[in-house]
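In what follows, chain A forms one complex with chain B and a second complex with chain C.
Coming up: the complex of A and B.
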């Protein structure tokens, strides 16, 4: 229980679909078993078509969020274009590996569409070892339950609405069985022309 | 055994903290003010390691004052909270990190919204409608969950605070004594007797 990566709780999941991707997270921020806030969004917008989810130590999530904002602004100014999700995944990886022997205690997942509108998802561990999955990625205190749900509910070539349905069911199902995650969820489905963002109700206990 | 509360309502934020200065099992002082008024519309309560709390809170107080003098404008509550959080997060990965827990209560003039931030020694920042630090959190958060409304009048807010303190009086083994209470609203910061 005194593990720093599970102190605050929280979970994230991303699904790959057909010409679309979905990324979702719960809203809890806790301090061990005590819930401090129920409005903690763990997914951040990187570009119009790339999103980053971070779970783990909430302090490091905030620190890295501003670190990435700085690095992305520098990238944008130097390159005069938006970053590709593949490139961003490597930026995340190298940022985390910079602190190899005193790491940030977070595990990120990245979901986005690249400039050819091909779906891309990736996950990394706390020192930036990348995992380019072709179906789904999960992180957080409910990650073991999310693996089970995603394994059962994910199908290839889902459209935006079907993808929303399956990622929502996967996340809500996992949150039911994890005491450190929950208190509502936010799902974002990224399609070539828009991002569908929906807030889900879940059990408040 | 320190305890502090924060409650937001309709156009105000209430900040309260106990006034004991204790070391080990000995109570040294019962009229300690564990709050700092950071600007016209921002108050902070601090608790934690006794040397660190004072050192850190004075560092924050002076730097926010310096910002006000240099720029002829005070930081808004959200900006001040992020800066303070960054100071704690930076210190966390040094050999002797500040062990300080904070509640920041403010009133944001441009949006006319009350603001309350919960910050712990790890640099975790949470934006909340009500908050508590210390053992008091275990007793009072359920009371706050049940009775808090965002449109409470000041009198209702103070009643809710009395309820929380009363809960501690009846169920908590330690007597926390009197609470120091400050209210932040459009007019600024003022002390209130419960």
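Coming up: the complex of A and C.
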């Protein structure tokens, strides 16, 4: 009822493919059952080939977004290179664990291609325990539905277009059974030479 | 135990009386699902029974054959489910005694609804899915809540892994979010073939087993159809050789069974 992890609603999912990864989220921002906005992107660009998705308490998502921007700028200045997705996952983990006893109420997922263009996905809990999955990761209020969809639809070595279709079906299917997520979705497929970004129409209820 | 506080003349109880309360309900995990086609219905469940983190048994059927045209899947509190199924079976027997035939599916559905609502203020903690063939021989699924609200549908999942299975069935059986293209037309819901639906049901439960701790051990899929012998030339679901897929005759129920009307296919699921 007064659970702040499900106060705003929203869901994210990432799929690993063959030389590509996909990350997608819904667009809803709510206050319990009341929908406040339907343009809330929950996936953020970290580098050209690394994206971060965050679900949970919307204010903590904003706070962490600026915290990561600061830490990434520091990393870039010190190292004079872009961060690898693997390294970024550990940066997320340690940032969250710093608040071990008063955590940010968000659960992040990371998707990207590393400098060898190998696909990488990871998820973490609210205190930064990392999960390096080899297939897919999910987070948010529709996570149980996303697990069911992804477990059934995901298959290894999907190309960018097939990966787009699979992740879109998985996300839309889950969103329709979750009252706290939905109102449109954005899917990003990261390939070595481009990022394909598409906005999906979905039911507005 | 009563004790005296040192240096005090008044008696102070040092322990409170322990109260015990009877908890009439439990939740026994597991999941059920049913999907219907043009001339058949599949009613499936896993066979694990648990309380909390403990597995009570790896084989406890949750799907019950009622007659040649009706099979009931139950999920929630196993003891209530069992008591409820015996009551339903008794009522079906009485119906046969007075009418000389099996109760039709839609009537069983309404009867289950009234039985459930009859216990509105001390409910059977059971989610039911009734599957079978309607009076026209078409596949039918009826789903119920614990107090008897019900609806006829093409497919339904219930139980611990409802949230994992239902969106998958929405996508694969109801073809939600799928649109026809010039190259590929999306079929209408309820028109898939028996072998195709069986595959989707098996995938649903293997997926649920993978991600839900209360689901696993075994899978039972009951297939209700017009038996092959009742038709001249076997067509549709009747022409599918279920025996070749490991199907055996389902037992139990009030009627003298027609061969091949209700068959059950068993599969192993992961046990961890």
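Everything below uses one rule, namely that the second predicted complex is superposed on the first by the 205 of 205 C-alpha atoms of A that agree within 3 Å, B and C clash if a C-alpha of one lies under 4 Å from a C-alpha of the other, contacts with A are read in each partner's own complex, and residues count from 1 in each chain.
One rule holds for everything that comes next: contacts are C-beta pairs under 8 Å (C-beta built on N, C-alpha and C of every residue); 3 or more make two chains touch, one makes a residue touch a chain.
Just so you know, these numbers come straight off a predicted model, no measurement behind them.
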| item | value |
| --- | --- |
| Touching partner for A:152 - first (chain B), second (chain C), both, neither | second |
| Partner chain in contact with A:29 - chain B first, chain C second, else both or neither | first |
| Touching partner for A:117 - first (chain B), second (chain C), both, neither | neither |
| Contacts of A:144 with chain B and chain C, given as first, second, both or neither | second |
| First, second, both or neither for A:57, with chain B first and chain C second | first |
| Partner chain(s) touched by A:173 [first = chain B, second = chain C, both, neither] | second |
| Contacts of A:39 with chain B and chain C, given as first, second, both or neither | first |
| Residue ranges of chain C in contact with chain A within the complex | 161, 163-168, 170-172, 176-178, 203-204, 207-208, 210-211 |
| Interfacial residue positions of chain A with respect to chain B in the complex | 7-8, 29, 31, 34-37, 39-40, 57-60, 62-63, 66, 102 |
| Chain A-facing residues of chain B, complex | 85-86, 88-89, 92-93, 118, 120, 122-128, 131, 137-138, 141 |
| Interface residues, chain A side, partner chain C - complex | 144-145, 147-149, 151-153, 168-169, 172-174, 176-177, 202 |
